[in-house]
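There are structures below to look over.
You will see chain A twice below: alongside chain B first, and alongside chain C after that.
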Partner chain A sequence: MTVRDLAMRYGFLALLAAMIAYFAVSASGFVSPQSAVFIFQSVAITGVLALGVTATLVVGGFDLSIGSVATTAMMAAAYVMVVLEQNALVAVIVCLAIGVIVGLINGFLIVYMRVPDLLATLGMMFLLVGLQRIPTEGRSIATGMTMPDGSVASGTFSPAFLALGRHRFDFFIPNLVPVSVVVLLILAVLIWFFLEYTRFGRMMYAVGSNERAAQLAGAPVKAYKIWAYVISGIFASIGGILLAARLGRGDIASGNNLLLDSVAAALIGFAVLGAAKPNAFGTAIGALFVGILLQGLTMMNAPYYTQDFVKGVVLVVALVFTFALSRSGQK
Partner chain B sequence: MKIDRRTLGKMAMGLVGATCLMQLPAMAQDKPAPFDNPGNVKIALVRYLSTGDFFQAYLSGVESQAKALGVDLRVLDSRQDAALQADMVDQAIALGVNGIIIQHGLTESMKEAAQRAVDAGIKVVAFDVNVENDKIPQIEQSDRDLARLALEQAIKDNGESWKAGYVYVAGIAPLDRRNETWVDFKKKYPGIEEKAMFGTLDNPIANSVANQARSVITANPDIKVMFAPYDEFAKGVKIAVDEAGLSSDIKIYSADISTSDIAAMRESGSAWAATAATNPAVVGQVSVRALAQLLAGEDPGKSVIVPPTLITQKDLNDNDIKNMEDLSAKLPQFAHADVAMPAWMPNPNAK
Partner chain C sequence: MVEGAVFRAAGLKKSFGPIQVLGGVGLELHAGEVTVLMGANGAGKSTLVKIVSGVYSLDQGEITLDGKPFQPATPAEAIRAGVVTVHQNIADGVVAALDVATNLTLDRLNGKGAPLLFNPRRVRREARKVADAMGLSIDLDAQIADLSLADRQMVAIARAMAHEPKVLILDEPTSSLSSAEANRLFKLIDHLRGRGVAILYISHRMSDIRRLADRIISLRDGVIAGVFGEKPLDYEGAVNAMLGQKIGLSAVAVRHADGAIFSSEHLKIAEGSTPFSLTLGDGEIVAITGLVGVGKTALAETLFGLRKPLAGNMNLNGRPYAPKSTSEAIDAGVFLVAKDRAENGIVHDFNIYENMSLPFLQRLSRMGILRRGAERTTARQQISDLGIVCRTERDEMGTLSGGNQQKVMVARWMSQNARLFILDEPFQGVDIAARRDIAAKLRASSAGRTTLIFVTELDEALETADRILVMSEHSIVGEHRNAEVDMDRLLAEIAGQPVRGAA
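This part shows the complex of A and B:
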């Protein structure tokens, strides 16, 4: 194995280890079980979104609408519980349904209407940002809010739903691991197994690397692509459910930062273990990488703009790892 | 008695005087021109920012005062497009409005448009945007007073010496003004130690700030007070404090308020101790009233400041306040500001 191969395979993980070591020395309180759990919690929502976008990247597509799917799901959850006074289960089902429907529409536009993926999902993004505001005329949703018709919404976030964001499982230490982290880990393992080890997942990679070849080989390319967007939509809506459970209200937000952070995580993931392609394990590591970085910088009192700067540097370095050092770059 | 011109004149004057006297009480209720015939008065609200609870409430205040006066209100919304907002002022001029309220915007783009409106003989007031024009009164909510009220309460609750976390993003005008007060307070009370400063406007803001605040609390476990002079910041800090299980050890002081803030402050054991807020609906009403004064030929003053109100957790619990409507109903100082209120002005809050 040459030095280049080593750098390619383990360079990024070495960088991660070096960063942890640095923060452990320079930021007091960085090394603790609570701190580790918290890093997972802070990346749980963007991580779930990033896993979803990985599925679309695998088929050679892209989903710009995930951020707004998440915030729309959050508003929908709040609307269902606070205004319609339904229970947690209904709220979760409505959110997941939104994810599926948006994914199907995205897939339909891209596959059958031949709209380029970036443009179709961009349109969907704007549509959802507007749509989530229509039922409340642009207001955030909270218990006791006044509706446009003057009545007062009296429903509340059900405790079962809030538990999705606030309950903690005992793990060696009592009340340690929040539900959102467990959800992230389960989804990461699921999508990793699905993409790497099932026939369906491998076919999605085949579609992404050479759509025409896959088609000639008899694969139902259109179905695979639509499925990728449905997966992305479902994951984004799960992200939205976690967000609503954490905030405890329906917050007007475009979700653009969620989109950017999760895309960054997925792209950083290209560099992990020299994969040079979208992969679930890399995405999870990428999300974690950004989370550790932000946690450490905040603990050292770095202002927010330096954090954006550092995030950008990491992304650029990761892309260099992917394209300059990997074999796919040596054309 | 010989009736000559002089006596006739005296009698006439007496008569005029008598009618004047008789009319006086009635006069106080009659509105000065042009509000004696308010259906013919057209005013325009030209907005730069409009999405979010604050701006929704501001608009409702503008609408209620315009309705109380009986004037015709046009709302032009540029949705954060600075060039469009300037065009909309010209559009309002073309519509033949009598008065314009400029709500937010950028000095650079609005200065000339505002001047054009003044040149066209239209009365203009500006809310939270400096258009650098002597003829245009500024409506302001006093950000310095907001921060001062919250911090004074923090001193009252916690004494004069504590370790603080501070949430701030530079470059946002109201936050910069609130920051000035914080800087002054730290000078005035050397016992206050700022252990950490953080903040972000990445949306959803509360979620991003919660992530940061968690790191800050972990790194600085001795922080007792969090000063988060913007309610989205305070919500984020509260989530982090709750998640860290430190709700009883840390107190949060903030600015601004909304229905969901009230719920968060009233949760049992909530760390959110107090907030200082100006009612955005009242700011909207004051904007219209100042414009109406200008139209009636009165001078509302160069700058019209709407005073803030301190709202503590105790106030909310004692009065069982659940939403913004309750807050206005039960804290009268929040529902109405006695600003730009000449005797003839109808009060939209009066029942």
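This part shows the complex of A and C:
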């Protein structure tokens, strides 16, 4: 194995290890269970979205609507519980349904209407950003708010729903691991297994690499593409549920960074283990990488406004790893 | 005939890496004459065109234009010297986002002396002049995107002619035109011939060639295989020279089929083509041969469920067969090794065994979960069966030679039993050793299925098949047992001439 192969394969993981070592030495309290959990918690929602968008990247597509699906799901959850006074289960089902429906529409637009993926999902993003504000005329949703017709919304977030954002499981230390982190880990393992070890995942990679060859090998290419967007929609709506549960209200202003952060995580994932292609393990590592970096910088008192800059640098470096060093990038 | 050649090339040689594409080609073009260049895929036609049009540089040899040396370093230089090429891909010749007038004068927008500002009226005035000179009646305000392919082709040629070239090269200009559209193009070419332009016309279509050719040059494996200039032109001889056939081929032990696996009646695969019937027997290998563009791939795709026949019915194993998708075809036991493996076959991100298992993942998985052990065992078996040269079954496809890549494509479909096994141009871009291996494997394993191969090169059919069918104009026009083949009749059928005697 040449030096270049080694750099390509393990370079990014080495960078991650070096970074952890650096923060461990220079930021006191960085190495602690609480700090680790905090990192996971900070990337849980972005990570879930990133895993979803990985599915669309695998079939050679892209989904720009994930951020707005998540915020729409959040607003819908709040609306269902606060205004319609329904329970947690109904709220969760409504959110997941939104994810499925948006995924199906995205897939339909891309596969049957032949709208390019970036444009279709960009349009969907705008549509959802507007749609989520219509029922409340642009206001955030919280108990006691005044509705457009003058009535007062008297419903509340059910405790069961809030537990999704606030309950912590015992893990060696009592009340350590939040639900969102558990959800992230479960989904990461699920999508990783699906993409790597099932024939459906293998076929999705085939569709992304050579659509025509996949079709000639008997794959229902259109169905696979639509499924990828449905997966992305569902994951984004799960992210929205976690967001709503964490905030406890339908906050119009939250979730601005979700899209860019999760796309960055998925793209950074290309560089992990020299995969040079979208992969679930890489995406999870990519999300963690960003989380660790930001946590470390915060603990070293770096100002908040440097965060996006640092994320950008990481993304650019990761893309260089992927495309400059890998063979498939040289074609 | 005009005496003296405007354009003369001698001893042209060109290699890409170790592969020699042109091995000393010489040709002459005369003013006011259409010279047709024929050649199978890979014969070196496009390379020759690209050298003459300044895209590639020459390794050896010399070209003169009007007696002066001609060695264009760039396409622009070739055009300035008076050699203009209209490439096969029409999209290269016109800018779809602009209107006809702008396209006709596009070349004047660049280069020295071009005015800074874009004056629509002056553009229209100049465009009108160009169109009139060409006898082109077309709405100058029309958008290219709204025009038919034929009209776009006309605009591309008119634009090329605005340079008043001495030599015009047309690379398969009718490949995507209907016959009515092609007729308009021929009139334009007649017009140019009348004006004394030397035209090099590259085509496979015999109807074009009969209509236009003053002279025919056949290119084969990078050398000129024949020049036909005496009227009446010897079309059969030209086809023969282009396809070539070596006497004393390793003779095939021809077998007789044991009963039909596949049959079809009154099958019609293109508008205006003659319906035909086809019967394929158990254990036999049938080769369908014919020039490029006569509907071989269309037939392969019809059999594989990629397109519907316009009329007629198909039967497989005695039952009606009408696949609506490739997966239905595969389930019925109809497999296709598609032509052009880079485009239609290889999944570039996958390694050898992943490429091989692609169509049969369902059978190689349990409850949706892949059984990698089984995948790799199957792949190893195929690698040794076909003699694929690689380190392990986990090698990337990019590390394999063309012949070995093609073996992987064939192996992909050999791991399961087919009823009808179709291979479309399986020997394209394959070295002779790999070609022999694949053909031998096909013959050795042919029992229990019927094998149908589509090939343009006659040698490949003669080397592999028990029976040879000839395709022309989207229909089957001839049938031969591959023993004491009547070569004259075969070539006449390929060339699309009226068949003498009953088929």
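Throughout what follows, the second predicted complex is superposed on the first by the 325 of 331 C-alpha atoms of A that agree within 3 Å, B and C clash if a C-alpha of one lies under 4 Å from a C-alpha of the other, contacts with A are read in each partner's own complex, and residues count from 1 in each chain.
Basically, a contact is a pair of C-beta atoms (placed from the backbone, for glycine too) under 8 Å apart; a residue touches a chain by one contact, two chains touch by 3 or more.
For clarity, every value in this text was computed on a predicted model and none was experimentally measured.
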*Specify the outcome, clash or fit, for chain B and chain C once both structures are aligned onto chain A.*
fit
_Per the contact definition in the header, classify A:Arg202: touching chain B only (first), chain C only (second), both, or neither._
second
*asked:* According to the stated criteria, A:Glu137 is in contact with first (chain B), second (chain C), both, or neither; which is it?
replied: first
*asked:* Between chain B and chain C, whom does A:Val37 touch in the aligned arrangement: first, second, both, or neither?
replied: neither
*asked:* For A:Arg212, using the defined touch cut-off, is the partner it touches chain B, chain C, both, or neither? Pick first, second, both or neither.
replied: second
*Once the shared chain is lined up, is A:Leu319 touching chain B (first), chain C (second), both, or neither of them?*
neither
_Contact-wise, after the overlay, does A:Val182 reach chain B, chain C, both or neither (first, second, both, neither)?_
neither
*Look at A:Leu13 in the shared chain and tell me whether it touches chain B only, chain C only, both, or neither; answer first, second, both or neither.*
neither
_Greater chain A contact set [chain C / chain B]_ = B
*Aligned on chain A, what is the least Cα gap between chain B and chain C? Give it in whole Å.*
30
*Of all the chain A residues, which ones make contact with chain B and with chain C?*
none
*What does chain C use to touch chain A in their complex?*
304, 306, 325-327, 329-331, 336, 338, 343-350, 354, 358-359, 361-362, 364-365, 368-370, 396, 398, 412
_Of all residues in chain B, those that touch chain A in their complex_ = 50-53, 56, 169, 196-208, 210-212, 214-216, 218-219, 221, 235, 239, 242-245, 258-260, 262-264, 322-325
_If we count contacts the way the header does, which residues on chain A are in touch with chain B in the complex?_
27-30, 32, 34-35, 38, 41-42, 45, 71, 74, 133, 137-146, 152, 166, 175, 178, 243, 246-249, 251-258, 294-296, 298-301, 303-304, 307
*chain C-touching residues of chain A, taken from the complex the two chains share*: 197-200, 202-203, 205-206, 208-210, 212-220, 277, 327-328, 331
